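Below is one structure, written out as structure tokens, with a few remarks after it.
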């Protein structure tokens, strides 16, 4: 009989349910055993039953204290991540934690120290690393066949505005949205960012400036290995989720365009229409969410390193802090200034 | 609690397991309850357990005689399809049957008559109708916005040769492989084929001519609505599963190219490389298999017509018979000649 | 000083002027010296002056009898082609002749015999062979790197209907339009067509059936080398000039899509729009017309074989005759039946 | 008879000959009458004869002093541009001048003042504005149908390294190469650049650092209208001339990819290959060179404004100076700092 990792799920909101369904149906090496959510109710219990989950709690402690549970998926609100990591680590459980661990570097460091001390595995939920497109770019760069990377480019645009209620508490575009891109450029370049310069503006009229935030940004960066990089962001592409990456290297260039809804082309006297990009992250990164959960459970089963570790949990936060400082102060900011 | 359709699976070979996994994990409206396979063994029992299937039989009769089972998936060998359809119909069970129902028109007619008499639902497994690409072509044509269809084109090439042991008993390229395309042209044109002319040749040197078969074919056809059509087939594309469709209409053209492994482009002094098409039907029609199972269970639950009915089970077989006759006799053959 | 070929142009209609402008401006090895047109007038004389043409005649004999003229471009009406070829051959002039030489095989044979006897060079104006796209397909097949050709496909659709006045005297779709495609399949396959089966229909409602003609056709064919082929034609694509070719070979496939007006993509909430194909042959084959004229003059200067010879002038006419016979009689027709 | 502009060509090097050939053959409204080059020799005289040019001089004064000449094309070395503009202006001749006018802002201002005073027309050779792709981006933005521009992106990579002898005297990447992109972003955004931040590095190992120059650069910018922009440059793409532009606007995005050598796709077991981008500016901007010459002569004939005026001659130089200063000083630089 196949060995499985018994998992407790912390948080049964949108992202918790997404992970729960993948663990239940698409990750053969996982046994999703328990779920804890402070707002546990009948609907969640019914959902849990349909997923074959045996235990439903409102107190996460029930999961930490169950010795049969080997690993947790932390999908609760961001402000609980660091604390839950520490409690899981102390209980000797392996940890998958949604991004970001925290927006405070000291809290992240404390959480990572607990993980280190306990000797448990940690994987941070930078799901885009598991997308077939971005992975192709990274693997091509990492193979060395194109030589050293020179220019790393990421276009990352959300399909449409979030509500201003969300924006108000989002932590700003760099911490909320670009953080994925900061992880991506590190992943693609295979090197750490050393400096950023950020330009940003509220151009859409949707009201980001009320909260001292921007809807449009371009961020340049330098990498330790000498490469240069640039990210361009928009909160509202309107045509779908625009997620393109490109690395120009010493001997050539690898780039990926968006996954499309289909591969159609309709040609008439009026024009030629092709399909739009997939709408948002649920559509685009559907398979990537499954892959990251599989790779986590396999790392646990085989006692190998997780593909996204503690360092990946803290570096993007530093870059986001530096980008925010650069935008505010109108100057290049070195990562060392915010550490 | 959501209403579910209790299903018995007949046949646990490759295609049976594929449907079983989809029913267990990806079709919320299905309850996969029992499986019967003449070669039932421990491995299949273990697989069934992991899918949450309660009953494992070697005798299909156990499924037909269980009044709690509302529907069956017939995934057994082709020569059992017609008989199983009749037994299921007599037991009052709704039927999903893999293609083809049979290669003998009279047996198909007998099976369809039993379905008719019992008033049960029947869906035939022409999975490509549920592919996002082909569906886009069909929906565009059916919408009427391009006007009447004039030219219907299907390119359908398998990635590589089957073994000659398989070819020997396959029934020939038209019944084994092109039958999917014969269904596809009817689906795209929204009209019945009235005549075909087939050209074929064994060009690969793989030995198809030993069995009076061909590896390469082009088939032209006429439709009742006046449109013309053409299918081109190869047993060995080598670069993947080449599945393109196109309909040129009175006001323009809709066409789809292949799904690719990713959306990458690698550019160097040596050339520019993009990703290959997905390898074969498991990769290309993965989501389509889930969709067809979902639509079947929903048709059962909602008592609506299934999306692929009895007529769709018999017409492609007629076209395949006519195509074989055309190739043999070197002349156009009307469908009415083989009915 | 560079050696040039002194050329006389026969016919100053649309296609004559097109060749004249290319010879004057874009073919350094040509000296366009004289033009003859039965409807010579002031406008044509002014055009000729602007092209640097020294002599304007209404009598073509003035060109045939001028010993300083080494080559002629026959761009007059089709019914004069065979006769002009014979007169040019007798005058010892090399000949570029627009397609078709004639629609009567005996007249073509007579003209080719005169060319043969005089030992002059003949090039027939199958301009598509000089298109960068189709040439890429042919060169890839001819290189042998994909192995033997199995399936040869040509999609050829004009952008919009010709006037019914034109259709009435056009000689029918196969002789007027598909003849280019019949040349193309021979060029791509590197082999002669041995049999065709043609399906055709008047579906547009534009009135082709009044003249016993069709606006939509599909033609299947067999080649001497065993390959199979198919052409699909429409008189009215509406979205532009649809000129795609594809050859599937033993080891893979080479295909070309259309040249587009530009490489743009406009993405909005409404959809994603790309550019249309170029509108018609003037736009699509602009550079190909220049290349064919260059290659002709270079063949004359270097005394090498022209790239499109007499055999290429007669074979497509045979295929067109066979296709018309097939459509009329509803059966496959061997080329040997019409020779 | 069509009215023509009589033109004198100053400089018969590579770019001078290119303009000369276009004026002689592809611009019906131009009469290329004279050429002056300090290194006038037999080869140039023979070239001039073949272009139908009547007068060949080594002294440009012969052109300025000929009252029959209405316009000049200044294609001489950059250090002569400002002086020749002034001499042409004083002679009352309209001026097409290759870019850049000069690298010294005061010299440019002096030249523009002379043009202004003389009331002659000036067009600066920013040829990319006439490319079908970039023009499509600009026209789409300018139409307003996508709303205000938010993000302006230019990728501009040369196919391969220039010789270090050239680099030594090139004036640096921003003045030599990026200057075209600085013009392009103004053209696309329809707004002036107000600030730039430049990152650059010598990563290729080809030796740019010896001359205090870089081979790789990313430049961010702000525009008066609030938009943000970014350019990425490489001296050596290796796969061809990479010239892509994109503008993300309030309602969507318009982008263009590269013109390719052809529209082919070759698919085998080894992979799928498409054509490379055209190699360099002669291939890519061939038609754009013709269009800019046509538009210039038409502006002269019709007494309308030229499409690229004096302001377009000075602004990109300012941006290049600001970018160089930014790279040197490691900070954002406002355009007003270098004016």
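A, B, C and D are the chain letters, set down in written order, and residue numbers restart from 1 in every chain.
We take it that a residue touches a chain if its C-beta (ideal position, glycine included) is under 8 Å from a C-beta of that chain, and two chains touch if they have at least 3 such contacts.
These numbers come from a predicted model, not from an experiment.
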| item | value |
| --- | --- |
| Touching chain B and also chain C, the following chains | A, D |
| Pair exhibiting more inter-chain C-beta contacts, C-D or B-D | C-D |
| Between chain C and chain D, centroid-to-centroid distance (C-alpha), Å | 39 |
| Chain B and chain D: spacing of chain centres that average the CA atoms, whole Å | 57 |
| Shared-contact residues (touching 2 or more other chains) in chain A | 237-239, 242, 251-253, 265, 267-269, 275 |
| Contact graph of the chains (line, ring, star, complete, other) | complete |
| Chain D-touching residues of chain A, taken from the complex the two chains share | 148, 150-151, 153, 157, 197, 199-201, 203-204, 216-218, 220, 222, 226-230, 232, 234, 237-239, 242, 248, 250-253, 330-332 |
| Residues on chain B engaged by chain D in the complex (per definition of touch) | 237-240, 242, 265, 267-269, 271-277 |
| In the complex with chain B, residue positions of chain A that touch it | 1-2, 24-26, 28, 46, 50, 52, 132-133, 136-137, 140, 146, 251-269, 275 |
